[in-house]
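Two complexes are shown next, each including chain A; its partner changes from chain B in the first to chain C in the second.
And now, the complex of A and B:
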């Protein structure tokens, strides 16, 4: 066994991250609200099924149905709002339960703590999008709007996986704001405004705002989606990366300041 | 008779004191600044949306577009959640900050206190909308000063003012339910956001548009064109929301309310 003194601080942080992520998931099991937010993934599939049924399905195709059920308001508003709430609650409850102090005593690295929270958000986001995909698939089958075509279902689940992975990175500014606040009123208000801004900026300039960049990259190849112009994937990822890096630096800085 | 007048006068005075105390508490809190920040962000984001080119013309170049878009987009996406959050924050804070005990020692009657908090929430909602109106009007004046006239200004003032009252009435059951559930006030934000989000789709339906409280507020305000009958239906819908709030707040012994709240508690 290597003596602990020889192991560098950086490698210790690397080892701490998986353990922190595991602990985060253990803590998540006791938080009922986290699981209560999951059914909101089924709102749009239900609305889409009602809408297509009511309109008499004149030109319903599986892709048109999935576009409304899983790739419209679900990723424009519902998922960002839910992830913003989750980020806020993950940070707030550490303070509320007074466990943050104990984590600093252990000691736990601020960077590892911030990224362990982000990992939880990513996993939750993937689960949320898979719930939306399963809901869309079942709503389509049960209402007879879509047949179980392999290609469209594969596309639905793959696209949902992409959404589930990419959107949490665009939500990093909310996680950083939540880390900097003692209460949760400001972060949840910012979540509402942030989701709304991402949705509106999609029509104006997708590269200014990370959420709009992420959504533009995700929906550009969906059948029937008409964008204002061609989406530059590199620029969109650059925007997400810049906002993400600034947010991570800010988040780690405010956690470190609090520790001092 | 004299006793009754004295009693009523005392009650009015007590309510005045409670409203005064609530105003002071609100002034010290950050929720005012947070709401103002949300309002300014809505103004800015809608301005940005106005830069969108539609058939070679920007939205913002169309006269009255900005004033219309600020109230419609804000009332669907942001303000119901902000008003519900502020209202339930005011109601739940006494219990969460542990000041309820001290208030009971004064003594303050809880129903009077809640009534005062509801009145302050309603005023808060109207102030947000009047602020939005003033800001949107200023932007509109800068962009299209020649197109402004008294009729248009009065029409929009009426829309904003009535929407402020209507949206408060529409979200007031959310505040009441969150207060009765004794849960954290952020729940009201989630409930209100879902509630206003559904308005996007229910507003497309010719009948439900006049019944669903959020879109009914639009009808009463004059944003949606409505026949007198549809207007009455919308008014009744908003009054029903107010009635539901009063029922949830007041009748703790009512069996139906108890069952309703118990069901909600199980869900939440």
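And now, the complex of A and C:
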């Protein structure tokens, strides 16, 4: 038996979120499916390389190649779909394995738990986009479509970093829905619908939907991208912020409802 | 008066139209094992969940360590170790990794806390086996290890012996008993197995259909349920005097003006009857009674039996 009092309340409070994030990564270490989703970041670079090579485009520029390889379907559909799956997995495992009850009586803050999941999604998203960037860069070099120009490569990686950070915030509604569900069917279905809606809303009204708002902000300065009109960055961020706040409030609320 | 670690008054929980817990007033005393006994679905887990704040209370009050839980969670939770329903751990991590997570979340400062807790429940430290590969008994042991990891003052154990083999059950029983006796811990334990509660608990609460029917110390209950000779006499005071003087019987109790119980069943009943009659105490009946705890349970629950 453990003989002494071993609680340090003050240290526990200060470390709640970083500790939860660290724990999330410990859990992810053993989740091979999560890491098996990463190579899907290479789908579009591979398709772009084949397309550019096959079409033998004489006017191919690095930016045009990167646009197709990393900034088109990768951020419109592939990344949202992968992040939706990740959100579902992160929330489902807590519910399925009955660990939430155990966490509440530690006690762990519901807000900290929700944001620890979001942090994991952000980190994973950044890793995913860096994989896409590295894949695009290598695909371009290996197929001889692009040269290793500093500016374009810098732009590629910086833009991928921006995508990796912003898109998870636009995915917060899916995380909140996943938090509210005991199963994974609905969150997965919602992920698919959500990703396609984001893509469709890009052509309708980008400010209504957070994912289309995020994508619009991210792609507006990419060479070769033609938008219907100028993108109001402020409005787009406002849309993401409103959806994100509502999702966070809802997510934390439904987590608290877990055992009721 | 004994210090109460858990005190509930008129605790009620209603799910839709169904009353799961109905005006339950529990009193768990410091340093004692309180056994909550009831059939499956009687409301034991709901009571424990309400005590731990895992489900909202419809009405009534709960005080843990003399305080209400709401608003004092950060002070109260670290003093409690609990298993509710089944232990909840991450299946893709080992037992040690799971405990390390909870140790870190709780801010457990002792570096060997996990090792010690695993030792206590007889699970290997740094074993490669994942939690998903554990047997039910091992899962239950890990749940107990997690509950004691931070050396809590109060343990709330919801059917902790579920899935354990007889030796495992005996080990948990001994361990819980030693926690209480040697370390002064307070334990609230629930079970639907009567023998388990009767062997372990100091105090018992019998719950049926959400209603707490009896709350008593085991000592009192055993007294009520011992084998005894019940005499129905014309004058219990005179009969008692005769029992003491003539037969040196001290272990008896007077139930009412006409009923008297002798707990030493080895006495010569015929001789007692003869002496009482000779001393002008008429004996209407004399019978050997054998109330078991199960009989008692059956009686208080209105005829329902229990394992």
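Convention: the second predicted complex is superposed on the first by the 244 of 260 C-alpha atoms of A that agree within 3 Å, B and C clash if a C-alpha of one lies under 4 Å from a C-alpha of the other, contacts with A are read in each partner's own complex, and residues count from 1 in each chain.
Here is the rule we go by: a residue touches a chain if its C-beta (ideal position, glycine included) is under 8 Å from a C-beta of that chain, and two chains touch if they have at least 3 such contacts.
Quantities reported herein were computed from a predicted structural model and do not represent experimental measurements.
A.B. asks: After superposition on the shared chain, which partner residues are touched by A:184: those of chain B (first), chain C (second), both, or neither?
C.D. replies: first
A.B. asks: Where does A:93 make contact in the superposed view: on chain B (first), on chain C (second), on both, or on neither?
C.D. replies: It touches chain C, and chain B stays clear.
A.B. asks: Touching A:196, do we find chain B (first), chain C (second), both, or neither?
C.D. replies: first
A.B. asks: For A:40, select first, second, both or neither according to whether it touches chain B, chain C, the two together, or no partner.
C.D. replies: So A:40 only meets chain B here.
A.B. asks: Report the residues of chain A in contact with chain B in the complex, numbered from low to high.
C.D. replies: Residues in contact with chain B: 36-37, 40, 43, 47, 51, 73, 77-78, 81, 85, 88, 183-186, 188-189, 192-193, 195-197, 199-201, 203-205, 228.
A.B. asks: Contact residues on chain A for chain C in the complex?
C.D. replies: My answer: residues 1-9, 11-13, 15, 19-20, 22-23, 26-27, 30-31, 93, 97-108, 259-260.
A.B. asks: What residues on chain C touch chain A, complex-wise?
C.D. replies: 49, 52-56, 73-75, 77-78, 80, 82, 84-93, 97, 101-102, 104-110, 113, 116-117, 120, 130, 146, 148-151, 179, 183
A.B. asks: Once bound in the complex, which stretches of chain B touch chain A?
C.D. replies: 30-31, 34-35, 37-38, 41-42, 45-46, 48-49, 51-53, 73, 77-78, 81-82, 85, 89, 186, 189-190, 193-194, 197, 200-201, 268
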